[in-house]
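Each of the two complexes below includes chain A, the first together with chain B, the second together with chain C.
Entry: the complex of A and B
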């Protein structure tokens, strides 16, 4: 393209620079995904030693399994609530930060740190935070016994996951959204004020429309991220329980594949999940992408 | 005038700043201002970069708070009111159009916020778009317009509400020379038709001279002079103003009065003068008279000449100070390396040697022409 031809005289240099990442992405993303698609049409033996082509049998089996549909339902619910909260909370913070608090550099850095923490660590920390006996909600339990107990109450467990997820995703989304807000020329906001719009009206009519690209980006990333990153949180906080209440599809795939050794079933569900992601992302681009094209 | 012309009516208000000060933290941007912009008047604020022009405009608009003092619109205190309660409209230097709204939406946003119904808004947009020649662009986004068209949309957005006070912050500085000229003329015409009290900030003295009823010259947040363009040109109140206005600006030379004559720093006599002390002598480039011979008058070795077609600018040294001379239209100045020039007494401006303030008239020298 234009950039390529002006910046890189050497035609192999860009390829060379991209190669390490491309290899990683291929080895650890595309290859397994293709493998999963391939396996979903075979009946695999758990410890190797041959496989048998079974056509759509795996899909028929998975799709008729009520547990699959329950896990899918939980996944969609988690995706909807966790990702919208993980965008909404940072959005509110970013608007607040943009309005009055000219945040200092240290403050900004501190807010970004959680981004550097692995999902499993967040999960571990939150499993303590949410522990009904020693966690932050323990006092609530001593006042109203039994009001908070994620290890018995599926709803509480679900909330724990969502809070942990939102917490871990605030920094990135906050930075993106704040950057978007800061990029709006100050005079446009002033023009809004001159036109008689108060602060709330300006957020609604001017600022939000102008950060649509950033909102769109965070939402797209969140939709997929909320589903995939949930694994580490589930594994450390709830182990899919209580009673399967927090067994999302990613966790079910893991259980089926690595605990029950149903490799074909796990592959099939992975394939279905992939197709679902692709559909969601396409839909987002078609529905949202159309409305956010303008020149600054 | 046709029907369109009369469709925008404003109730112009006077603007008075009473002992207004403005500080950002410890930085005292405006030490104290006490001025009045008369109702319906077109005032241009002129001053060097960073002197507080935008700050002043934003305080009038309500976008910045005054640190101290009062702002009165038509006698009513407004310094604590929000922008929307003040009823000013503003045109920004970078237009500040809403990129996600069409031209029509941009122009009518204030009406929408004010709760006007859609048919009413459309009718108004039609009138204003007609005035500004934007009728064909109503459905475009700002990104699809040229600089001049965007500027018009910004002006349309400002006048559509029929504001009593119109504020412009360097609205033409992003336009090319031709468009600047055209828009300037349109603005003058627009002002004549709608008659809002207008405050217009610019760096450009041509804009100032041609548009203004009165020019306010600011220097470090203080008023250097606030007068008609003519008075500012012909009777500058200080060396600062004298150097700021005119292209090329007025020549300033240090001079001394010994009670009988006025001498330049190298002892050459400029003319008879009755006061003693240090002065700064001002003379406009077009008022310097070049003698026909090479002697008589002040010695002026030529540094270089710039031929501008209609006339030329000759840079010379007089008593060690660079002085520019503008030759009269069509006039021919001999091609000497040394000129002899005289300063006609009636064209001389005299300023205090220390303060730079103009020495009041009546001292014999500084009786100015053109007043």
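Entry: the complex of A and C
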């Protein structure tokens, strides 16, 4: 870092410079986070009808609600499947694009496009593509009636969400993983070839171990991303249905808070979700701190 | 390298082809659907060949929906988010890296912590704060007992109300409470040679002059990357604009687009919706086409 002599000494100027962002972070990050925890110990009446301290009652109510556990289970399942696919698909694409083939250049351009398309827009497109009556799979339905119907079958709805989620998350993960692959020195690849490792073997034994940091990072970021970005997809493709089969926790919090006006319940669930993500972040920090890194 | 890699190159090309089709397929279907009439779609379902109703549907978006007006909202939100994030992050990272203070490390950690819990997770209580921006200050004064003092001195406790819900400011400001930009600039400043700073000091540059004449020109490409990233994220926001805006002419285009789907019953007017989706995606997509270099650079920087 910088030595004392290579830094300015001012009492007020740095405070003045950092203050605007610090105030915003306090008001719109720390205050809401604090309030979520605070409210989970109070019974809040909607429209400012006052509040009453109820201790752990809200937690008892939420934790004894089977819907909460179902939504949490779905969230964890979605996190596990959607985020691993959203890393695996770009990984395969990045390994392919890293080779000097003619397709590589257009692919590197086109695979970034989804970054500019809102989750809700692509959700609407996929809700049409997967529509059982007019969509791509409609012919399949006329051959085998009822084989594909996301508005009745929870599993089909779930698949629609995952396909849309992976679509939207290709750009970031693809760019990161490709950058990792391209940073591998050519000499290491050549050394592998000299030792008789063919191109397939080198993927497993040279390239994959060397991009472990990038792979780990994309997976870690994808955890948070899959839980929060799912909202726009759920709201446009499945509306949480059929019969609540795709109601993840974030969507349930939205319904509880903004449709049922159960502010205490919504805050309590937000607080539980936050604790979960703080734990995940701590775990990541511990693991990342251990440096999955190889000398290059 | 002299090596027979034909088989793997063929497989790689095939994989990339599948990837490109996966990305472009839905986009192509969006285009063809938008070029048919509602009746045609009801009869034939999804069609791979383009029709001739495209401009009719686009005109309907302009005459029958609020999307044009909402696109202006989206532009205000995306530009406001991008510009304010760039300025605030640049200034705070400058203070954290180039000033000798005891609190720099703590403040940086507190700002960076915002990345762990995104807005889409804490929207319920952020909504409450936005409904009265002074509520945390009111609560703080109440809790510390300062308000009793103020009440004794001025005759009334400090209690102010200011709702930013359903305003442009309310759509933008909560998005700014994010640490990624500060992190990006800090990383960039740390890569600059220390001698640069010493030379500037020797030539008698003060903090403001160093900021304006040396740091600002050097940071141009970091600015561009951060600008593209935050513009795209501002434009594509969904959950926050959905809850923070209550009238159609305050909603952003993405929210307005989703509102074109009827709640229950009939098959939605997909040609109209797809025409809207194309219109809404034109701005961010052309931005990606023009500034792809900065986007890719920004994505790579944000992981470091």
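Brief remarks follow.
Assume the second predicted complex is superposed on the first by the 250 of 296 C-alpha atoms of A that agree within 3 Å, B and C clash if a C-alpha of one lies under 4 Å from a C-alpha of the other, contacts with A are read in each partner's own complex, and residues count from 1 in each chain.
In this section, a contact is a pair of C-beta atoms (placed from the backbone, for glycine too) under 8 Å apart; a residue touches a chain by one contact, two chains touch by 3 or more.
All figures in this text were calculated on a predicted structure; none of them were measured in a lab.
In the superposed model, A:157 lies in contact with neither chain B nor chain C. In the superposition on chain A, contact of A:205 is made with chain B only, not with chain C. Touching more residues of chain A than its counterpart among chain B and chain C is C.
Once the two complexes are overlaid on the shared chain, A:185 sits against chain B while remaining clear of chain C.
By the touch criterion stated above, A:97 is placed in contact with chain C alone, chain B being left untouched. Once the two complexes are laid over each other on the shared chain, residue contacts for A:272 go to neither chain B nor chain C. Look at A:27: by the touch rule set out above, it reaches chain C but stays clear of chain B. After overlaying the two complexes on the shared chain, residue contacts for A:79 are found with neither chain B nor chain C. In the superposition on chain A, A:255 makes contact with neither chain B nor chain C. In the superposition on chain A, contact is made by A:193 with both chain B and chain C. Across the two superposed structures, the residue set of chain A contacted by chain B and also by chain C is 190, 193, 198. Taken together, the chain A residues at the contact with chain C in this complex read 2-10, 13-15, 17-18, 20-22, 24-33, 35-36, 39, 89, 92-93, 95-97, 99, 101-104, 106-107, 109-129, 131, 133-136, 138, 167, 170-172, 175-176, 179, 189-190, 193, 198-200, 214, 217-218, 221, 224, 227-229, 231-232, 235-236, 250, 253-254, 257-258, 263, 266-267, 270, 273-274, 277-278, 281.
Within the complex formed with chain A, the residues of chain B that make contact are 58, 61-63, 82-84, 88-90, 92-94, 96-100, 109-110, 113-114, 141-144, 157. Against chain A, the residues of chain C that register as touching in their complex are 1, 3, 5, 8-9, 11-13, 15-17, 19-20, 22-24, 26-27, 29-30, 33, 41-42, 45-46, 88-89, 91-92, 94-101, 104, 107, 110-111, 114, 116-118, 120-130, 133, 135-136, 173-174, 176-177, 179, 182, 194, 197-198, 207, 210, 232, 235-239, 242-243, 254-255, 257-258, 261, 267-268, 270, 273-274, 277, 280-281, 284-285, 287-288, 292, 295-296, 299-300, 303.
On the chain A side of its complex with chain B, the touching residues are 185, 187-188, 190-198, 201, 205-206, 209-210, 212, 294-296.
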